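Next, two complexes with chain A in common: one pairs it with chain B, the other with chain C.
Moving on, here comes the complex of A and B:
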């Protein structure tokens, strides 16, 4: 590799507005045709010669101790190539669905037969799988110390209007449409090849190395495309290690384990629940004074997260206390913006209830208190105005409770959110070949967000080439390490690393061709497939002619993030508004329209950025209206580990979705910031607020199912005998 | 793998000879939209599948204004929806078929399969049996999560709801179902085809293990006002929470006879004589429809978590009645 010349840090910048040929334009993803034609290969599609199928016997009990395991029948079964006890006698099991024994066999039915033939005796222990009442949790409830900010007692004394409410959202699952899984195979005694559905190509080898007792460098991880992760696919997981062990036991034959749908929903993803009793107080003019919350939630034996309360609004006086409930469900995993959707609902719902009590339009109430949002106050103010225009807030909003005739009540709600999103550590190798072709290698992954497209745009923009001249290779741990796709960090990381690599490569190429153009390298530019002297079109050569001057050796430059220059930033604000209709006779909620107004710094591809917002709103509508990991305290099991009763929103359920991205001065110069998470934070709160606005009463808990909506209406007392 | 025999007879006579005389030994495969799930989840473990899709006489829709509608067992939901005669003369049936929101299920699922599909009770589907009892014989439904379970006909021992979309309108139209077994054909009203099992050895249909459904016969249209109303949470594929189908015989504005049938509220389609009584002799108004809805759920009771379904059934009945007189075919 050639050492790059180092321009001064000031030169590592993004092109100015007006000089962006590709960046920020609405560009279709480069792998779109492969995906829609079915040519894109997902881990699920990987079929290796001689491949075996792994299946896992899971605990039917939520809390138990293994007394004995008899695998003898499975071991004798023709076609069974390996049997591996994952958790042996004496082990305590903490959730239904936990892994006990794995087998590998020549086909799936044989593996299933082998699993069915295994006899396990359990000592059944008491379990807790519900989470709505911390009192029932006993010793499994872990209260944390109360936190006090300012003087909440005095502030509540001073408050002229105080509301108290209870709000919450249950454990939901990630429900990746491509389930978790992998194909593991030993290429020889020491070297393992893993095709895995993952958000972390670069860090899987290290996570597998220790349990398998081989150096991380002996493990190669590959992934072309992924069918969803949402925060649940950072680890090889126990079944990943098991697949490697089974492969070893079977003489290195590839072993494929993809979780079945029920396992995916039971054990491979859970967003912690959060519930809270919240009290907020304000002056009559709407000035927020005081916050008090007692919150709780679970994420399995780990206890779940802790929502940052109050969310965004730095209310000057606060008292808050949180209790983590440990219970016997599959463990929590990071779910798209961990803790934020929970905090957003608990805060924005309480504030909307307060606005209703004050008799204020919540839009005015939010604007009145916008200074409490801190340094992004001006962004929120702008976004609130734009969102209000797009949804027709001033035209359609009405005080709480739609008083029109008929059972269909319409309402509007809003919420605001924030996220970080600074680019992660990322390395890429950009190679310019003497024939003019360009390739970029990095061990990143496309989580479905359009990572390849973003990299291609940045390289093509920088090198002055059309996008189809750039070949991007990702998804292989042999490529330069790049961070996990979590925390909305990928686009900032890979775009910055690519930009630096491309700028450095150009510098070196300019140095090679400058003499031929009778110019200094710093006077050259690469535009429209040519390299030439700035301001003198007569002195230029084609990209191919320039690259031919590299001689026999390709030019490879390593680009890194973090690095010199300000290319990525952190901290975004977003606003969402929802327009809903509620049938007060049936409790069925329909989304008429949702608006997302979002900033994320400099946008690389407007189309994939908007797509993130559309997808996030659809996912948000899912958890607002439908999704719940329904746990049965009687049997300790999840009752809906399927797509019939674990409900996701369909196309007919999402209404009209409008996205507006904030761009231009004040936004672009903040650098590239990630976007995967922020737009999924507000939907639950915005929809809950819209429903309260429609029907005149708060439905405390998500999802907003007919039973909950009808119960809230019933408690309100008004029987809606409308026709 | 666990061996399964697969037979694909060409005649109904061959089919019934291949069926065992006890439940559990054999299963009938038509559209497979339910059976394949049951097989994968180990809820049923037959040793033989009998594919009836090759039996031509089980196909086809026939309509004659004097004889009525004949639906072969293998008619798909999509074929039913695409038939303008069905939509014109039996709107409640077409509307119920529209409630089946999955194109895949519409394309593969059959009308007889819709009647014969097994309950969606999550305890049944998790392997606890049709009556969903634990090792101590305790009802999991009564002691567990019964948010989707029965509000009528729920005195036990079964608490699941009949999952059929088409049975309520078929019962409203007084349709009959024709079966074929070793003893030949027999026929019964659709309502009598469903029953509440009293033990794990029984099923929820009056179908013997070696019988198949061959056709559904709907009487000629008699100028009824009819409609179906479903309460479903999603527009996407979703099980209804309550449905109602009504068929009203009218003399001018007055109802002379009424059939009001609720779905997804009881272990069988639920024909409500109370609701019918509330309608006969009346002119349909909002208040009359409301009163019929009230009458329909007068005997309903919550199992603990499903009380909201009483309201949904009440509304479904009211809205089906109003839709029938306002928009339905006469």
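Moving on, here comes the complex of A and C:
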């Protein structure tokens, strides 16, 4: 590898507006043809010679101790190649669906038969799987110390209007369409090859090394495409280690374990619940004075997260206390924008209730208090105005409770959100071959966000080449390490590393060709497939002619993030508004229209950026209206570990959606910032607020199912006010 | 649980495959021969297996043969026996549409058809939609309108859209909302899919849909 030159940091910049040929344009994803034709290979599609199928016997009980395990019938079964007890007699089990025994067999039906033949005796222990009442949790409730900011007692004394309400959202699951899983095979005694559905190609080897007792460098991880992760696929998981063990027991034959749908929903990812009793106070003119919250939630035995309350609005006087409930459900995992959708609902719903009590339009109320949002106040102000125009807020908004005749009530609601999104650590090797071809290697992964496309755009833009001249290779741990795809950090990381690699490579290429053009390297530019002297079109040569001057050796340059120059940033603002109709006779909520106005710094690909926002709104409509991991306290089991009753939003459920990306001065110069998390934060709150505006009462808990809507109408809402 | 009885010996409900085997979904005459006949509720029912039987399928105009247990679904046969992995296994019980293929031109969930029952049918999978290496207009429209993110639901959606447009060549947006309700996407690509269907139907010129 050639050592890069070291230009001054000022040279590592993005092209100025007006000089961007590809960046920020609306470009189709480069792996689109592979995906629409069925040729894109996912982990679930990997088929290796001699491959065995692994299956796992799971605990039917939420809390139990294993008394005995009898695997003798399975071991004798023809076609069964390995049986591995994962948790043996005496082990305490903490959730239904936990792994007990694994088998590997020549085909799936045989593996299923083997699992069925295993006999396990359990001592059943008391369990808790519900989370709506912290009092019932006993020792499993872990309260944190009360936090006080300012003087909440005095502020509530001062407040002219105070509302109190209860709000919450249940545990939901990730429900990745491609379930978790892998194919593990020993290439020899010491080396393991793993095809795995993961958000973290570079960090899987290290996570598998210790349990398997081999160096991380002996583990190679590959993944071309992933069928969804959303925060749930950073670990090899216990079944990943088990697959490697089964493979070893079977003489190194590849073992494929992909979770069945029920296991996927029971154990492979859940978003923590959050509930809270919230009290907020303001002056009559709408000036926010005081916040008080008692909140709780669960993320299984891990206890879950703690929503940052109050969300975004730094109310000067606060008292808040949170209790983590540890209960017997499959463990929580990061779910797009961890803790933010929960904090957003608990805050934005309480503020909207307060605005309603004040008799204020919530848009005016938010604008009145916008300074409390801190350094992004101006972004929110701009976004609120744009969103209001796009949804027709001033025309369609009415005070709480649609007074029109008939059972269909229409309402508007809004919410605002924020997220970090600075680019993660990333290494990129960019190679220019003497024949002019260009290849880029990163051990990154494309979750469907358009990572391959973003890398291609940046390299093509920088090198002055068409996109089809750039070959991007990701998804192999043998490539230079790149960060896990979580927390909206990927696009900032890979685009910055690629930009630095391409700029350095160009510098070195310029040095090789400058003499032939009778110019200094710093006077050259790469545009439209040629390298030439800036401002003098007569002195140039084709890209191929230039690359031929590299001689026999390809030029490889390593680009890194973080690194010199300001290429990625952090901290975005977004606003969403929802227009809903509610049938007060049936309780059914319909989305008429939703608007997302979002900032994410410099946008690499407008088309896939917009897709992130549309997709996040749709996922948000799902958890606002339909999704809930329903746990049965009697049996300790999940009642809906399937896709009939764990409901996702369908194509007909999402209404009209509008996305507006903030670009231009004030946004582009902040650098590239990630977008996966922010737009999924606001939908629950915006839709809940719109429903309250429509029917005149608050439905306290998501999802806003017909029974909850009818119950709220019957009870006349979940909040009350004092003046 | 999928084909999975609780191991503590308590009674399990009827599994999906057992249901398929006795539910009368198998109307065509399978070409396999090793069956026996029993009488159920006064009718004669052919029983295949439980061992492997020869299964011949016509997929994308080609003939494929394998020895499969009668409980093997069409989806498992496509993916595991014939390595046609375009159709995806997701819910595995006829809810999500990710495994949609055409059987005699009509869309079916391949997870809910037994392979032995798919014999003598003409099966088209997403792999069969391309013509001499060229993308089908629906596939082109999916790319143009970014009707995919992770892409796992995409093959099923593409096939469902093909079947939908064959039946409704000039759909309204309302037709699309109703007609494509049998497939789920987790990333949330429905805006792109709606626009792609309109583009493919020739009702909208190419390019981005929602700008």
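Definition applied: the second predicted complex is superposed on the first by the 716 of 723 C-alpha atoms of A that agree within 3 Å, B and C clash if a C-alpha of one lies under 4 Å from a C-alpha of the other, contacts with A are read in each partner's own complex, and residues count from 1 in each chain.
Note that in this section contacts are C-beta pairs under 8 Å (C-beta built on N, C-alpha and C of every residue); 3 or more make two chains touch, one makes a residue touch a chain.
What you see is a predicted model, and the numbers here were worked out from it, not measured in a lab.
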item: Combined model on chain A: chain C and chain B, fit or clash; value: clash
item: Chain B versus chain C as contact partner of A:710, first or second or both or neither; value: first
item: Chain B versus chain C as contact partner of A:189, first or second or both or neither; value: neither
item: Contacts of A:625 with chain B and chain C, given as first, second, both or neither; value: first
item: Touched partner set for A:16, first chain B, second chain C, both or neither; value: neither
item: Partner chain in contact with A:175 - chain B first, chain C second, else both or neither; value: second
item: First, second, both or neither for A:634, with chain B first and chain C second; value: first
item: Touched partner set for A:139, first chain B, second chain C, both or neither; value: neither
item: Partner chain(s) touched by A:651 [first = chain B, second = chain C, both, neither]; value: both
item: Touching partner for A:112 - first (chain B), second (chain C), both, neither; value: both
item: When both partners are placed on the shared chain, which of chain B and chain C touches more of chain A; value: C
item: Overlapping contact positions on chain A, where the chain C interface meets the chain B interface; value: 107, 109, 112, 116, 642, 644, 648-652
item: Residue numbers on chain A that touch chain B, as the complex places them; value: 107, 109-110, 112-113, 116, 585-588, 625-626, 630, 632-635, 637, 639-640, 642, 644-645, 647-653, 705-707, 710-711, 721, 723
item: Chain C contact footprint on chain A (complex, rising order); value: 26, 28-29, 31-42, 44-45, 47, 57, 60, 100, 107-109, 112, 115-116, 118-122, 175-179, 225-228, 230, 258, 260-262, 447-449, 607-608, 610-612, 614-619, 641-644, 648-652, 654, 657-659
item: Residues of chain B defined as touching chain A within the complex; value: 1-2, 101, 120, 122-123, 125-126, 128, 134, 140, 143-145, 147-148, 231-239, 241, 286, 290, 305, 308, 311-312, 315, 318
item: Contact footprint of chain A on chain C as seen in their complex; value: 1-9, 69, 71-72, 76, 79-80, 83-93, 95-96, 98, 125-127, 129-130, 135, 139, 142-144, 146, 148-155, 158, 176-178, 180-181, 183-194, 208, 210-211
